[in-house]
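First chain written, first letter: the chains are A, B, C and D, and each begins at residue 1.
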Amino acid sequence: MTQIKNIGVFTSGGDAPGMNAAIRAVVRAAMYYGIEVTGIRRGYDGMGKGDFFTMNRKSVSNIIQRGGTILKTARCDDFRTPEGRKNAYEQLVKNKVDALVAIGGDGTFTGAKVFGSEYDIPVVGLPGTIDNDLVGTDFTIGYDTAINTVVDAVDKIRDTAESHDRLFIVEVMGRDSGLIALRTGIATGAEAILIPESKTGLEGLFNRLEFGRKDKTSRIVIVAEGDDTAGGAFEVGRLVQEKFPNYDTRISILGHIQRGGAPSCMDRVLASRVGAAAVEALRDGHRNEMIGLINGEVAYTPFEHAIKHHQGIDPNMIKLVEMLSM
Amino acid sequence: MTQIKNIGVFTSGGDAPGMNAAIRAVVRAAMYYGIEVTGIRRGYDGMGKGDFFTMNRKSVSNIIQRGGTILKTARCDDFRTPEGRKNAYEQLVKNKVDALVAIGGDGTFTGAKVFGSEYDIPVVGLPGTIDNDLVGTDFTIGYDTAINTVVDAVDKIRDTAESHDRLFIVEVMGRDSGLIALRTGIATGAEAILIPESKTGLEGLFNRLEFGRKDKTSRIVIVAEGDDTAGGAFEVGRLVQEKFPNYDTRISILGHIQRGGAPSCMDRVLASRVGAAAVEALRDGHRNEMIGLINGEVAYTPFEHAIKHHQGIDPNMIKLVEMLSM
Amino acid sequence: MTQIKNIGVFTSGGDAPGMNAAIRAVVRAAMYYGIEVTGIRRGYDGMGKGDFFTMNRKSVSNIIQRGGTILKTARCDDFRTPEGRKNAYEQLVKNKVDALVAIGGDGTFTGAKVFGSEYDIPVVGLPGTIDNDLVGTDFTIGYDTAINTVVDAVDKIRDTAESHDRLFIVEVMGRDSGLIALRTGIATGAEAILIPESKTGLEGLFNRLEFGRKDKTSRIVIVAEGDDTAGGAFEVGRLVQEKFPNYDTRISILGHIQRGGAPSCMDRVLASRVGAAAVEALRDGHRNEMIGLINGEVAYTPFEHAIKHHQGIDPNMIKLVEMLSM
Amino acid sequence: MTQIKNIGVFTSGGDAPGMNAAIRAVVRAAMYYGIEVTGIRRGYDGMGKGDFFTMNRKSVSNIIQRGGTILKTARCDDFRTPEGRKNAYEQLVKNKVDALVAIGGDGTFTGAKVFGSEYDIPVVGLPGTIDNDLVGTDFTIGYDTAINTVVDAVDKIRDTAESHDRLFIVEVMGRDSGLIALRTGIATGAEAILIPESKTGLEGLFNRLEFGRKDKTSRIVIVAEGDDTAGGAFEVGRLVQEKFPNYDTRISILGHIQRGGAPSCMDRVLASRVGAAAVEALRDGHRNEMIGLINGEVAYTPFEHAIKHHQGIDPNMIKLVEMLSM
């Protein structure tokens, strides 16, 4: 068992609901094991600048239900340079931080991996991103809340779609992944989904709209941000309107509302479990691994593996969208 | 007392939460007074095409909580022509509809006014629009729900703004009116609001951003859809970014989510009160009037007056935004 | 114009959503006018114990959307004694607090009135209570949020009532007043409401249940906490079940969820307006008055008057419940 | 492959959010495979009384987001008798229903198991209950929504707890199972949970309250309905108050709000997946099995097994509650 005395915790990359629950779990679990905790503000940027503060049980009181991250987050170009990382390491040494918990996604773990290979400091990661695009955990912290937010928004849009007999093209987040689009497409009864992972293309969409149910007067199409069928929701909308001029077609970009809000129960539980497990993992000598939850059990995945692979899309789920919206 | 036997009810223009509660109130109050009710689908368009059905108490069961309108709504160019209105009148006569309740906004009442002047059929209106831009009622049906939806969305956006120290430009509905922007600006603690009714312009905004609190790291600016300070939220965002290159500026267009969702308590109560009052007004011989609620009392306003004037913006409320976000 | 230099602000009585928005408005408006602000924790109790702290703009950052009160609230028996009030006054003097803004309801203003008559310190009040039972304001801070919470809860209960063909007796808050029950009864399409202000009694309820629509299979009855028709929701439920043994009758006491949650847009706007107006009122020499909003305008009501009278119940609203749920 | 021509679908037992999504999936998937669907109202009761109707794609339009069940549900004592089941079978034969999908929990599957053993009709089940107390699926339909509802309610209660420095005893559903209490206890940062599966008892609770953090002024204790530590939340509250007279202790029974509301994204996806899988299972010759989802894959569990066993409680999760609320 490694003798860890002071864990530094930070959030990096896009904020996600449940990050605060994860921070709370790291702090409280560390206290439980008699380990001190240093909060690092604004991710790698704050690490390089020594924006540190000592956290105690009270620092994380009454935050489990809050969206965003009390530690703030930022991009950091400096950390991509050897000098930037050297600087960060010196700050950690100066503040007697001897282990790190990094909460974030892809980019966060890429930085952590390089840092962990250059300097002798154990780093573990927690999957904090609404995109669910990491291997090594069934779900990422924030995903469940984000898809509930999308579903709630599309339910509202459907009220208008039904009232006006309209077709709505709704763009949801997911630059490289259609995982938000996929589940929310099923859950909102969408007519079709356009996602990066599936190349049905415009013809497929047109076919569905042309040969689908005639008595269906309102329709929802979910487009993932990263889909390149036509170059975004506006372009898809334009082409649909061109092809089906008598449809009353509208576009809605859900945008940043998808990142915020009080985390769902599942996101809080996930964040709490992996947050506590991260502290235990550091005590047990783990390093350079992401701590996730697979089939309800804590799972340890090397950063390298977590970021190189993406969860695939189950083709049965895509079929389900079409089968059920008929 | 006019002997009304069969009231036709319809919704027209953009849908608004609470329209169903209003339809329910019209139907149930009519039944209470022994009057039959004919539902007319898709507004003036369905009127011209005779898309009618008999409604009873059960037709409006379990709809008080639903967004949208079960009677659907549509635009109708035909009704702008004398032939279109003649056609509509003939359908009403054929179906023995001898009075109308029109639920909608500006455009709806403009049509109703012309129709009521050409044909001998009493028409009263209910203010159903999220925009709150009618004279003759303190609030329109749907406004309260819409501003709650906006506030809920901006609360989510603020989570991200706080976490990333960002400036968000958020565009809300209101083509001719800043009333949604005004109240939601106060309620979300926005730094500034840009609305059609106030010409502070870009200079005012720049001044606020430049000379405001230095320790404020996240900022929200609410822009009404109809504001022409710079030509929309994207253009405002571009100019802010140009002027303040070191701000991390983002744009969010809330869009159609603002129209949907379960109506708030106040919208349901308002819709229920004016819905019942509309039936009583027709029995009492009212015609060509909108039925609203002013200071808690039912108020009757000629269509002509309701649509020609807009509620002004209280300058104290604009000052309040600036005073409190400092 | 009185020269106010340091305003003490506190919350007292039951917490209400929007209290934080009111505190924020008091602090920010005072800063705007160059007045210092002292936060007093836990109401009159903290005042007597000198639990004071200096507030600045940042003290109230990011709280406009939070339920509860950051200043906390408590009962205080001490303040009912002359010694208790003497003690409190000495603490104020010691801390150079020369004016007070009290946020609360009935009990809060009763204390303020006595205190203001005994000691030479200007006190104004803000109506912060979910009960809406004060004269001098159309709505109290927290009422709008509370009725939305009730409506949301009853919408959920109705799902079960509809699925199981059940009658639900739902108890809502309101010890002396049926105002929560009244509006939520209309908004949820309740079959009947039982409130302290109206003595229809059990016979009336039985009649409605017996002779109402036969095709209605699910029913909601809203009972105000303070109703004494039968001694509470459980007793009403027992008697209904006795009289109608073949109804599947259930009871639900909504309880404390009605006090919490993010304040609605209207509650935040109301709190912001009267909060700023309170500071201006103190500057203008007002004292011993509650600052409310009547017909959209700031209104000043002597404490004495605000607490002695209750808003009556409009009998038309009670009739509306019955007319529309038929 | 069995030649199924007409599937009867019904819901039974307590309603759960997502039941409508499941009904929709069964209907749409059956249509997709050219199978007719018969809706059976009010569970086994309606089956015995022949309360059947033909369903088509449109019957399930716009219901995916609704709580409750459009097919209604009811208890049925008749079905426990051989005559009752004979009667039901004759109704199915008469209406040419040659397979069944039963949506419900324990009691539903017990009935289905007996029925399937007595009569030659394939029956499969879908896990529809908020309690999550079935083996053969990671989660039951409705559980995710219910725990979000609880968390949302306790967040509201915490606003008051924090404002008043109170201890709240909150009772949540779960007659035989602490699964709702467990996850919501973690997610709300509860001080302690009392559940049927764990016998820490009152001493454990008293110890936690006595020796826990001294600076913690507000506390939440979650009690499962079925916990018999002291005989319900009121009794627990009474004993806590007796032991700690200077705590301001309150009780809240969340009750029926936990069953209703729009289903969460995950519940809709789960219901959609197993609903479609149920139709495919019947086509593939499955019978007397519950269709669940384990580790993201469709799983088939004999009714016998699904109802005899309960999911255990992971002791690490109980430890987590205590570790993180310290």
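By our rule, contacts are C-beta pairs under 8 Å (C-beta built on N, C-alpha and C of every residue); 3 or more make two chains touch, one makes a residue touch a chain.
Just so we're clear, the structure is a prediction, and the values are computed from it rather than from any experiment.
Relative to subunit D, the most remote chain by averaged C-alpha coordinates is B. Rounded to a whole number, the gap between the C-alpha centres of subunit A and subunit C is 39 angstrom. Centroids of subunit B and subunit C (each the mean of its C-alpha atoms) stand 28 Å apart. Residues of subunit D found to touch two or more other chains are 155, 158, 162. Taken pair by pair, the chains that touch are A-B, A-D, B-C, C-D.
Across the complex, subunit C is touched by residues 11, 14-15, 17, 19, 42, 66-69, 72-74, 149, 153, 155-160, 162-165, 168, 250, 252-257, 259-261 of subunit D.
Chain contact summary for the complex, subunit B toward subunit C: residues 21, 24-25, 28-29, 31-32, 57-58, 61-62, 64-65, 138, 144, 147-148, 150-152, 155, 158, 162, 183-184, 186-189, 213, 215-216, 262, 264-266, 268-269, 272-273, 276, 295-296, 314, 317, 320, 323-326.
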